[in-house]
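Labels for the chains are A, B, C and D, by order of writing; each one numbers its residues from 1.
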């Protein structure tokens, strides 16, 4: 099957693509809309949201009200047939379980789908059921989906009709760990990931736990010891290691709007030196536009990445314990969600990978 | 040597003790002053600070200005002889290195000293030099000092002339881990402590790193992999385990005023069950007024302990990894510093242990 | 009518009173419970809340879990008859409209009521209807209610069977302005009050506007130009001035948990001098335990009053504009709500006015 | 005198201009660097800072480290002669008093200067001395300087050799008030401006007042009643009114990184209607790319403008008091400083006014 986008792209110069966002009322959806409104090669032609249907972008997101399109583009009800006529690429910013329902008919029309939910991130429908507590709504599509981590799956994304954009925590863990595992520099057993996330990671859920007074001047772990994101983290790490990987993952909620800081504890394989680690990361990410390898005394700080699609990575080899500590910082809504999805858009459409992201 | 306090206490009913605070201008000192101003059995007779000498409490700490004593009690220059005449117990809230200088002459006059600095927390002067980068100023006193963690050293504190009140991070780590090590429920190797601290933990240092705009909307690790507090943590854990313990410790700075949340990763000894852990903690802390063992789904949250001398502890045994996760939350300035020091005061003077702390 | 409390108090030494809190699940109710649990002369015998009925205090408010009573005292359904048997004084921490329904039967049983809602703050049922958009549920009780601002109505509160505890914004405005109006130092026309409130002022409402990410890094005015609190502010200012007063009031929401800062703009009556203002405030509040008149360069700062029942007041006479600027700072949940209600309890029961509040 | 820039521009298509920033180490300087690095028609050729001389942009500002230029562009010592050879336009991001010293020799070389300090904002050297407490360092230049508020002085900025970019508070006050004064809709007497500013407004000053723990959970007024910005606000309002204007201005510090919210209290001239106000603002700003006139129930919120060069304005006519309330929100570092300076750059160089700002 060749989608209509592929046909259109063939043999043509960089041309604006029409994009739509389904479920654009959450924080990731909002950030995605912001990025697409300012993208040099994408034209946002439709945004859908049941709760906001009929309202303009300016009404729903006052911060976009100065954009010329904000007063004309209105939220509509999501209808597959209509979207197929309007758009070349459709982003799904929907809850898991719901996203798959929309993906099926849209894929049938030949559209390219970039899904920000968890629905197509796993290869295993069993694992999905274990972690998401319901049967996978469209297991047949799982083999077709490409995991949208551009630094790892760049070539596959370029040809994908269904991109499963990674979760925010997984991105902050996979990018630092995968090169080390692939190079055999660390053991695949005993990995610990301790992550701190800003409150926007919970989405725009109107629940008491996320009220200002419940989060401000508060820090707490949650979903210990089995957070849903473990499923995709472990599946990807297992692919990198070539064997089953089980990790320890503890997410914490901290009072910032945005940002994830992850501290990783890894057991080196024998005779690991700093030089090998540096070389490994330089090879993996030295040319990557969105991975910043810190040098000298610098350590990742979320304030240096929020608002950008960059992930910062630094490491320390501890001579006292023999352990390797790796830290990463990213904006959970950008590199951890919408920015990464736009990066996939750029790859898929043949745009410069950094288009609309710097 | 029997100090004058001991003589005075003997055979008497609970009687007000006169206390002084040396170096009362930092956040811990301020919190200590607050606790002592409201203590039912302590009378604050002197506060010293070079930078604030001559000013009243009300001028330096506007928030105490409604306390009757705030307009009459003035900061003075710290002079050992004078303090010895005024006070029964002296608290040192000074930087490491400086505290020891004051402690020596004050101890000679027979006063009881409760030191909030790191100067007397270690038994080993070598370890002090390794971690604090200078020779210990008074190594002869090290064997006399009692580590002021009341839940562990209650009986020793009752008789101590020199109490070394623990650091904030160590308190958050030692209280959860010591009972498990003593009971042999966890291995002493491979312990990881990942801690998140509010900015007051850095003290009232006027440095760019602690400016509002540098901390707000920011999260970062620091002092990786060898923070100074490792020295006292490892010395105390080694005592509990009966063998040398080396741990991994990663402190992070998060944008709250107060609070430390520590997440601990521990390897169970064979056949560990939830029942054994519960029983271990219940035995160790079931009657402790300032340790709250969480039950059910509850996890520690700094907002539930800030402003109090309580430490919250909860744990999860992870069937997937076989690891034990323990979490604790405390107010770094109270249970992690000034409140714990007052708890030692209460023990030493024969006051109810909770006096002035609830 | 003489209530049973009055009978019990007569001719007796200070004796513990039994108190109940109806509607103890919001932030004000929680703070009230905290104060009453630690009150030396009050015994908390009942807390009610429909949504939490059956749960213990410890389950609903983890931060109180170390208090001995927290595991035995359970939330019950609010029933007037039962409460009448249990308590001497009942606090109502309920929404306006609902509070009055509970007040009527409880008053009939002879209990003393301290109401934290807006239901009995106004003398005028017409004004109530104008600002609260429904008929007053019990207009006959309005003349009996005493406005619970102790610094102004101390003697009346001592004898009241129904105390209407003031709103948070009104407290921050009335205490600074009333003495000036009574002394004729400022004009009653043209008063402007510009107030900044922490998010807890909105209560524990689970609404999108109060989510962390909507409040953090945000500042906004709201309810411009006619906030409900105007009704009680203007009624009280009119009483002080002896003529009708209409003011401008603009509340703003700022990202702190607690605290109200109010900046007042006043037109001096002729020949106003700084000496007269100082003298006026010294006369009004010089002996008040909970009013702190700032001197020198100091200006009110919410961080110096949060956690206390104190209101800070400072003023500046501007020679350039001829205007008087008065600023106040308070904790909206304590002096602006629960602390002030306990202050009324103390007055009503003959306890020291500061009992349980320092 | 015709500067070299003007010569170069004449008769040419839009061409990249070389720009330099002197004093680029504060928050405004950093934001200016960020904007210029991403400006489509400006090339940042030099940044100077005594404290950072020799370091690269990436070392000083980790958040720019992914920009290709960040590792090659180094901070230098500021030298007029050198800058004149390198740049067409020089931005001064220096403290008042210091900026003028640099401006004089640079102007002599024919460069265009855009000054972000207060040094050239006033026409009156006497007023400068009154508010800044020292003689003006270059009073002869005052008549040549153009006040860089593009919405008011667009045509003058296009031809200016010295642009005095407005202060953050003044921008938030002048844009809402000037059109009303010019149209005679409000009285020039009795204007009150109550402003709330994020902490970055204080610059990167390493002072105790701006430490995280002193600002977080704190709100306070400062510089009451005579803040320095009054001088430029009143000079500009007087020009708009055609007569001397004296206003009341109260700045407050609130715990956000960025954003100013100003609430203005104005006395309408006779028979003011909402229609007239709407029409006045629509005429003044209906076509302005960076002024957003809010409609319906919307009120300004700093979170909707931070990160942008937009100022939001809304108003309410209060039938109870007869007063007009106008509110504005802006990012103090962008529309209140660096963004506005870039807006002036665009005007002066003939670039699209929004270049690099959307």
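Quick note on the criterion: a contact is a pair of C-beta atoms (placed from the backbone, for glycine too) under 8 Å apart; a residue touches a chain by one contact, two chains touch by 3 or more.
What you see is a predicted model; the values in this text were computed from it and never measured.
Colleague: So if I look at the partners of subunit C and the partners of subunit D, which chains show up in both lists?
Modeller: For subunit C paired with subunit D, the chains in contact with each are A, B, in label order.
Colleague: Could you tell me which chain lies farthest from subunit A when each chain's centre is the average position of its Cα atoms?
Modeller: C
Colleague: Indicate the whole-number Å distance between the mean C-alpha point of subunit A and the mean C-alpha point of subunit C.
Modeller: Whole-Å distance between the two chain centres: 48.
Colleague: Distance from the CA centroid of subunit A to that of subunit B, rounded to the nearest Å?
Modeller: 41
Colleague: Could you tell me the distance, in whole angstrom, between the mean C-alpha positions of subunit A and subunit D?
Modeller: 37
Colleague: Considering subunit C alone, which of its residues make contact with at least two other chains?
Modeller: Where subunit C meets two or more other chains at a single residue, that happens at 214, 216-217, 255-257, 301, 303.
Colleague: Spell out the part of subunit C that touches subunit A in their complex, as residue ranges.
Modeller: By the definition above, subunit C touches subunit A via 27, 199-200, 204, 206-208, 210-217, 255-257.
Colleague: Which subunit A residues qualify as touching subunit D in the complex?
Modeller: Its residues touching subunit D are 38, 62-63, 65-67, 217, 289-290, 292, 294, 298, 301, 303-305, 307-308, 310, 312, 358.
Colleague: Enumerate the contact residues on subunit A facing subunit B in the complex.
Modeller: Residue positions touching the partner: 192, 194, 196, 214, 216-222, 224-226, 246-248, 250, 252, 254-259, 261, 263, 265, 299-303, 306, 316, 318, 320-321, 323, 325, 327, 329.
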